[in-house]
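The data blocks that follow each hold one structure.
You will see two complexes here that share subunit A, one where it goes with subunit B and one where it goes with subunit C.
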Partner chain A sequence: MKALFVAFRKDLLLQWRGKTQAVAIFAFGAATLLLFSFAIGPDSSALRQHAAGFLWLGLLLASTLSLAESFEREMEEQALEGLLLLPACARTLYYGKAMANWAQLALLGMALVPVMIVLYDAGTLRLLSLLAVILLGTAGLSAPGTLHAAMTSQTRARQTLLPLLLFPLVVPVLLAAVKATSLVILGDPMEQFGPWITLLGAFAVVHWSLGGLLFGRVVED
Partner chain B sequence: MIAVAAAGLCRRYGRRWALADVSFELPARALVMVTGRNGSGKSTLLRVLATAVRPDLGTARILGHDVRVERDIVRRKIGLLGHRTHLYEPLTALENLGVVARFLGADARRSALLGQLEEVGLADRGDDPVQTFSAGMRQRLALASVLLQRPEVVFLDEPYGHLDAAGFLLVDSLLQRFRAEGATVLMATHLMARGRKLCDLGLVLEAGRLVFAGAAAQLPEPPGVDAIGFAEGA
Partner chain C sequence: MRAPSVRSIALVALGAALLLVGSWWGLVKAPGEVFMGDVQRIMYVHVPTAWNAMLALTFAFVCALFFLLTNAWQWDDRLEAAMEMGVVLSLLLCMQGSIWAKPTWGVWWDWDPRLTTTAVMVFAFGGILALRAFVDDPVKRAVWSSVACIVAFVDVPIVYFSVKWWNSLHQAQSTPQTVSSAFHWPLRINAFGTLFLWVGLVGLRAQVAALRRRGEMAPPLPEKRKAAGRAPVTGGAL
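The block that comes next holds the complex of A and B.
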């Protein structure tokens, strides 16, 4: 547990040092939301209908940048290899980084919500429900994202490979997150929110478990 | 006691054998120079022994522990200074050492870490990010990280690389310190005179094969040394 805290602290520190990059990633996500809003036009009802989908697409696209960045630091001077040789447990290093990536993506998601509200006229008073969806949805993105960022970090075409590998894998997470967010924004007369959020939680548990099991095989020779 | 033993060690990168059937035994507390031309397999040998890469064939044991099946035990006993420094560029020197110390469960207080930096001549640069360091300063910081690990077997790949004259003397003194503490050291270097003077034993690799294993004083001169007037400095 102490080692997990050390790994998490290290990754948070690295993210803090790269905070200008985080601002750029937020700007990228906000720009994506802006461009998607142009595709819908001025119809405020249509904008509200599509707000959830575009929020998660913006978050997904921005996440590939931040996930790839998180392993760039590990590979520059093979710092990850140095930690493995100490020896630090690969699983601990994975969970430390996945937690830091989760925190960053969740913050990014929360920062994009006001942009969505302004651009898509998609205000909601169920902020706690929205927060829960963002937390569980980004957990479902960060765990497989961290694993695949590690897999692609040593390849030349990593910027292309990461989304190619990650996007198909997170489609179920994305569908559940979009549906749950839509229910929060548009209302939930049939009380479907519970099942969708449970599904999101289940995906997160599966991805976090698999990531911890597979990470050692990915980063060790 | 045998500290490092290799038997039929082979490692392939693509279709090229970087190590081919390398076998030797090294006694504990020995300072061993590993030399050979560029691309002869020195770094690969050190990385295989340090468990950074797996051998394709053959076995190697560090203090009796197999590098394939007892990786974690081996890793607790070794320290590796490689071509890459294992440092985080955006973090400061103190933060980098702090990460290593915390994972090791060692004293990570600022005063303790400053003491480590003092040993490698970087005490006044502790709060500077590594990305502002020269190659020689990174090498010194990487050495400080190896020292933190208190290894029983040390693998140093070109430890004199990028260092100035004072840095050469620092590495010389660290080698003596490792010896005094009872550690076994394998050092890959091209500095023949220095190796002969400081080391007990020598290994020479040629195209991945071990072509000499014996006393460091008897190490053969590599081809081309006379032609370029190879100078070692310091």
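The block that comes next holds the complex of A and C.
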């Protein structure tokens, strides 16, 4: 348990010391939100309708940068091998890193919400529901993302491979998170919010368990 | 070099012959369907392709599990072959579906659960083939593609149910029970024809994969070594 906390803290600390990276990733996400609105045109009702989809697409695109970055740092000076020599099992390292990635992605998501509200006029007062969607959705992105980033960061063509492997896997997260966010923004007369949140939760549970089971084999040497 | 396995070649020949018979039966002998007419005849290849695409990817998943549990190389060879076959069959499935959907539904594509899940499978398993192409170390390639294959396979039902909740329009699955008896035989013959064909092709492809891997792992110095049946304990260079 202590090892898990230390691993988690190490990754967050690294991220905190290199704040420019986080700011750049946020700027990238905000820029994609701006670009999506150009694809739709200045029709404010259509933009509001699609706001949830754009938010999650922006977050998904930005997440590949942040996930890849979390392992690229471990490739320098063979830091990953050093970590594996520590008296902590690979699973602890995985969960530490996945939790740090989760925290970063959730913060990124929350930071992109105001941008979405301003650009698409998609405000809501149901902030707790929105927070729940962002937390569960980014949990679903970070578990498979951390596992696959561990593999792709060691290959050639890593910038292409991570999205190629990750995007098909997280289709359920994208669907459910977009639906749930839409329901929060546009209203939920049919009470469909619950099932989508359950789906996000189930996806996260499956992938957090799988990642922990399989990560040891990914980094073995 | 080992000669191609006679069993695999026999299976390919048998599968091709069955497909010819089944397709002739479906195109010429079987009656046209009342509402859809001749368009319906694509079912004789479409439904067997769907069954066999699922079978091939399930086999790939089994190979991935066995490789991670036993570290025996033959499972990696089979994994590579089965995954390629699964991707090809899924891609064919999407194409046949589009050809059928245009005259029937009026559109090439529809966001129905099975169609969308098949497209997601093409990208998910195609991505793993890309990963294999970009990793030079055979040990890492085998372990990583097994891990990615397991994750992708477990993900498939979640994708299916999420898309199903999201939208639905596809017809109920066609099985010999849901179609009239006049359509049974060509459907069954083609299903087994496709099965034998891909099993034979996977056998041959796994042999090619084994040859390539042996070439990659051959020691640089002329050292006597038995044909490796197991993965070495230590990995290759980073």
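Everything below uses one rule, namely that the second predicted complex is superposed on the first by the 220 of 221 C-alpha atoms of A that agree within 3 Å, B and C clash if a C-alpha of one lies under 4 Å from a C-alpha of the other, contacts with A are read in each partner's own complex, and residues count from 1 in each chain.
We take it that a residue touches a chain if its C-beta (ideal position, glycine included) is under 8 Å from a C-beta of that chain, and two chains touch if they have at least 3 such contacts.
Bear in mind that the values here come from a model prediction, so they are computed numbers and not experimental data.
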item	value
Subunit B versus subunit C as contact partner of A:203, first or second or both or neither	second
Which superposed partner A:58 touches (first subunit B, second subunit C, both, neither)	neither
First, second, both or neither for A:78, with subunit B first and subunit C second	both
Subunit B or subunit C, by number of subunit A residues touched	C
First (subunit B), second (subunit C), both or neither touched by A:88	first
Touched partner set for A:144, first subunit B, second subunit C, both or neither	second
Contacts of A:109 with subunit B and subunit C, given as first, second, both or neither	neither
Partner chain(s) touched by A:221 [first = subunit B, second = subunit C, both, neither]	both
Residues on subunit A lying within both footprints (that of subunit B and that of subunit C)	78, 221
Subunit A contact footprint on subunit B (complex, rising order)	50-54, 71-72, 75-76, 78, 80, 82, 84-91, 95, 99-100, 102-105, 129, 138, 145, 149
Subunit A residues touching subunit B - in the complex, by the definition given at the top	2-3, 6-7, 9-10, 13-14, 17-18, 73, 76-79, 81-88, 221
Subunit A - residues contacting subunit C, complex	78, 144, 147-148, 151-152, 154-157, 160-161, 164-165, 167-169, 171-172, 175-176, 179, 195-196, 199, 202-203, 206-207, 210, 214, 217-218, 220-221
Sites on subunit C touched by subunit A in the complex	68, 120-121, 123-124, 127-128, 130-131, 134-135, 140, 143-144, 146-148, 150-152, 154-155, 158-159, 161-163, 165-166, 234-235, 238
